[in-house]
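In what comes next, chain A is part of two complexes: it sits with chain B in the first one and with chain C in the second one.
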Partner chain A sequence: MNPLTRLRRRGFGLLHIYVGLLLVFLFLPLVVLIVFSFSSSGQLRFPITGLSLRWYREVFANSTVTDGIVASLTVAAVTGAVVTVIGTMAAMVVNRYPFRGASVVSGVILAPAALPGLVIGIALLNFFGDLHVTLSLLTVTVGHIIYTLPYFYLVLSARLRKFDPMLEEAATDLGAGPVQRFRKVTAPLIAPAIIASAFVVLALSWDEFQITFFTIGDQSTLPLVIWSRARLSIDPSVNAIGTLMVAGSLLVVIFTRRFITESYS
Partner chain B sequence: MTGTGAEATQRPAAVTLDSVSKRFATQTAVHPLDLTVSESEFVALLGPSGCGKTTLLRIIAGLDSPSSGTVSIFGTDMTDRPANKRPVNLVFQRVTLFPHLTVAENVGFGPRLRRLGQQQAADKVRAALELVRLPEFGDRRVTQLSGGQAQRVALARAIANDPKVLLLDEPLSALDLEIRRQLQAELKDIHRRLGLTFVYVTHDQEEAMSMADRVVVMNDGRIEQVGSPVQIYRQPRSPFVARFLGMSNVVEATVTSAADGHLDLDGTGLPLRVPAPPQALAAGQRVIAVIRPDCFEITRAADDPPSAAEVTGTVADVRFIGSLVQYLVTVAGRKWQVSARAGSAEIFPEGTSVCLSWRPDEVIVMNG
Partner chain C sequence: MGIGQSVLTKPRRPARRRMRGAGARRGILLLLLPLGVALSLGFVLPLVLLFVKSFQTSLGYGQVSGHLTFSAYVTAVTSPLYRTVALNALEIGGIGTVLTLLLSFPLAYFIRFRLRRAQHTILLLIMISLFAGYIVKIYAWTTILGTYGLINTALAQIGLIDHPLSVLLFSKIAVLIVVTYLSIPVSTLILVGAMQNVDRGLIENARDLGAGGIRAVTSVLVPLSSTGIVASLAYGFVVISGDYITPQLVGGTTGQMIGVPISDQFLNIGDQPLGSALSFLMLAVFALVYFGLTRLERFKGV
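Here is the complex of A and B:
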């Protein structure tokens, strides 16, 4: 073996070790969380003495938690629907039919992604207070829409920039009117990107904490339920909730990846 | 419209452009121009990039609207008719196949929009794919096609839509030379078989000359010359056409005397005496003389002094390109392009002293 190859092999080995350590660092806490969620004991101590689903039973028996899950799903669903409509229209018009001031519109849409969630939360709290709007899941949803719109817009814009306008011209040339052109060419081509972007929104809304914290009313979303429980004591059922949230996010990521890889460029 | 041979003028006009122009915000892409394309004719719009040829094609297709003038197709004014309602189809320069559809679905796009019956649409797709020699490709994804195959499918898609005029915007320019040659031949064959009117945009003079019945040379938004390939090659009407058709020696000269049906030209370094052109030229006038590289005869310089239509020079560069040998010959400080048949003739290396002669009646003189 020549020295260069040996050096490369060794370098490769170091890289493997580095990546391995990084992954452990990133995911060990999650693994611990998941393992403890299946522990039969109330003590958070290794090694676990037995496996059980008691914390999951407890979670689903607790109406605060189930209400939180329902609230989070509702907020995520409404946020996803609204952002998909607004975001698609905004991304289409800015990327495909640019007008004077389009870059300003683009900047305004993207701004919340650069602002700390804390600032958005406080601003919204003041805003709703001044308008005498009662805080509720509706105000939370408004906050989530503002917060997730930039991400939707970014993902879809990236796809639209790759969209070849000549495909639309070809459709027109072959006899398609504006409506047929959108239905038969534009929509099928950008649909995977829209769905992928919508899943990103669902994932962001599902575990959003900061903005929710400032805009929440009587009903709590799941992240706030966990926070309030964990603040008092480390209750093993929090591990079960956490595991459920990881599972939910993972599903969304898998779906999203699937749609992105199927998307045509 | 300029005379274009009896055959073409007897046929009905397929496309008529009447003082069509196109201005964009900062520049004029097409100055007002007239052009008639006859039914079943193969017309090439030839010119460098930015000369307005693609804009003109898009105006015929309806993808751009003219700033002035009218566009008629088979006698019907189409100026205000949107692209999707015009009986023409365009094959684009870039691949514009719909990536979410199969080859057959792409080809059937037009027929299905026109709500043809299932069977009728399927027949059209099959016939079009057979025409472009891809009958087995219907179920393929378009992303699996090579560049040449993709342009064949694009051609099939346009033809399946039953256009009255087929517009082609440099459809072969992105392809390898070999595939391009092959598709040129096939396109010409398809044109002959279908009897369809073709308007073909290209910047490749060889492509235009070899395929088209009539060539429209464009420059800077204007038509420089319209004519058959032979006419354009033998009688270029402007220095631009002469230069664009390749390798011509285009030089400025002054008329020193005009008498007895001859002109004597000075300033080129060659003792040019040529038959007087139809337009009246007087002594002292500036003109442009064009001598095609193949007008020259090149021989080894002899010891005796050159005769009247001969000159001696030095070979500055030699290029052997198969059937031809291209020389650059320096005569009195100016370089001339000279081409000679390779055949069995002697090939003169760089630095050889050679004798150039030319046929005076093939020297083209135009107003400067």
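Here is the complex of A and C:
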């Protein structure tokens, strides 16, 4: 083997090792979390001495966590529905029927993604305070809508740009009116993209913490439940709640993998 | 998710499809109306009100006076209380962002150019890591970095240390590790998105012309994916420097960042004008960084 190919082959091997190590780095905390959630000990120490489901029993012993799950799902569902409707309308207009000022509209929609959650959170808290609005899951939902809109818009726009406008023109040429054209041609073609974008919104909302922290009222979402337990002391039940959260995200990602990976091919 | 891709390309506008006439304009306005209402009421107006608040003065107990002054900004800039945490935010943001890019770039390259069928599996793994939960992931790191955590136990087992290293948790290093960890998935997705438009053949050509593997990447791939690199750096800097939760959970006394005192002013009965002024100063720095990065990219003549 000449030295050049040997070098190249070694470089190839090094990259593989590097990627493997990085994936370990990315998943190590999650593996540790899941392992500890099944530990029988109350101390988060290595090595683990025994296995049990006591932390899961503890999690469901009172309603705090289940209430949190219900609150998170409610907020995510309402956010998903609202963002899907207004986001689809906007993305369609900007990407399909370009008009003067379309890039300005794009910029405004994307602006919330360029700000840290902290600033959006305190701005909303200050706003609701000025209006004397009581903080509740409704105010949380407002924050989530603003936060997720840019991502919905980005994911959907990326897909809409691959859409062939000739198909719509063909429908028009064949005598379809605007409503029929949308129902029979446009909607079926863009539906997968809309579903994929909507699931991104659900995942982001389910996970959102930094804005929710300021807009939350008496009812806590799941991430806030975790925060209130993790902040005060070492509470091993957090591992069990965390594992449930990871499982929830895993389900969403796996369910939408076809839609998501398609945007990369 | 195509984040990188779509940030960078403007909406295509074929002239022949441009809608004309009053009816079309009314249709466009009608479709944009719900979005306009949501963004004006939920985003623009709250930001404007927060900006106004930054020019008011606190009277204590959450009350503010209506007079507009620069006093909150003067306090924010002159008070030594905020200087350390602001510098910390710049330092952790700067190092964390660059570290994130350096760690994500080879992974993105690997996903885009070295994998074919396994590409989707690795993207899926990155998505799972991304959506595993912000607060969950930070919490998980406390069990790894803690006194009896994974790292200390492992180091003690090998016999490298006698006493647990306390600097691992509740320190600036801990914040840096966690924020980098949190940023890698998004950065990787942005970079993979940007590399989608780069032709595989160009890198192979550079190699055939005698460039080594790393040189082929730095001289061909880096310039061609520079928009993704800038997007990753800009997004990472905002997310890392504006993080106010990670410092509270793993930062101890040395790893605090500017977001923590800002959030404090709004949570308890704090000085809200001061909190507003601090956050707009932070946004000004973000804007400067973004401007600098885009100038740098253009300057490189890409």
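Here are some notes:
The criterion applied here is as follows: the second predicted complex is superposed on the first by the 259 of 265 C-alpha atoms of A that agree within 3 Å, B and C clash if a C-alpha of one lies under 4 Å from a C-alpha of the other, contacts with A are read in each partner's own complex, and residues count from 1 in each chain.
By our rule, contacts are C-beta pairs under 8 Å (C-beta built on N, C-alpha and C of every residue); 3 or more make two chains touch, one makes a residue touch a chain.
Since the model is a prediction, treat every value here as computed from it, not as a measurement.
Room for both chain B and chain C is found when the two structures are superposed via chain A, with no clash between them. Legend: residue contacts after superposition of the two complexes on their common chain; A:Leu125 is shown touching chain C, with no touch to chain B. A simple residue count on chain A separates chain B from chain C, and the partner touching more is C.
Of the two partner chains placed around the shared chain by superposition, chain B is the only one that A:Leu189 touches, whereas chain C remains out of contact.
With chain A as the corner point and C-alpha centres for all three chains, the angle toward chain B and chain C works out to 90 degrees, nearest 10. Legend: residue contacts after superposition of the two complexes on their common chain; A:Val142 is shown touching chain C, with no touch to chain B. Of the two partner chains placed by superposition, only chain B is touched by A:Gln180; chain C is not. Contacts of A:Tyr97 after superposition: chain C is touched, whereas chain B is not reached. By the touch criterion stated above, A:Gln43 is placed in contact with chain C alone, chain B being left untouched. Shared-chain residue A:Ala170: touches chain B; no touch with chain C. In the superposition on chain A, A:Ala71 makes contact with neither chain B nor chain C. Between chain B and chain C the least C-alpha distance in the superposed model amounts to 9 Å. In the superposition on the C-alpha atoms of chain A, the part of chain A touched by chain B in one complex and by chain C in the other spans residues 264. On chain A, the positions that touch chain C within their shared complex are 7-8, 11, 15-16, 18-19, 22-23, 25-30, 32-33, 36, 43-47, 82, 85-87, 89-90, 92-99, 102-103, 105-106, 108-127, 130, 142-143, 145-146, 149, 151, 154-155, 157-159, 161, 165, 200, 203-204, 206-210, 213-214, 223, 226-227, 230-231, 238-239, 241-242, 245-246, 249-250, 252-254, 257, 260-261, 263-264. Note for the complex: chain B touches chain A at residues 61, 63, 82-85, 89-90, 92, 94, 96, 98-100, 109-110, 113-114, 143, 157-158, 161. Partner chain A is touched in their complex by these residues of chain C: 1-3, 5-7, 9-14, 17-19, 24-25, 28, 31-32, 34-35, 38-39, 42-47, 49-50, 53, 103, 106-107, 109-110, 114, 119-120, 122-129, 131-137, 139-144, 146, 148-150, 153-154, 181, 184-185, 192-193, 196, 212-214, 234-235, 238-239, 241-245, 248-249, 259, 262-263, 266-267, 272, 275-276, 279, 282-283, 286, 290. Residue ranges of chain A in contact with chain B, taken from their complex: 164, 166-167, 169-177, 180-181, 184-185, 188-189, 264.
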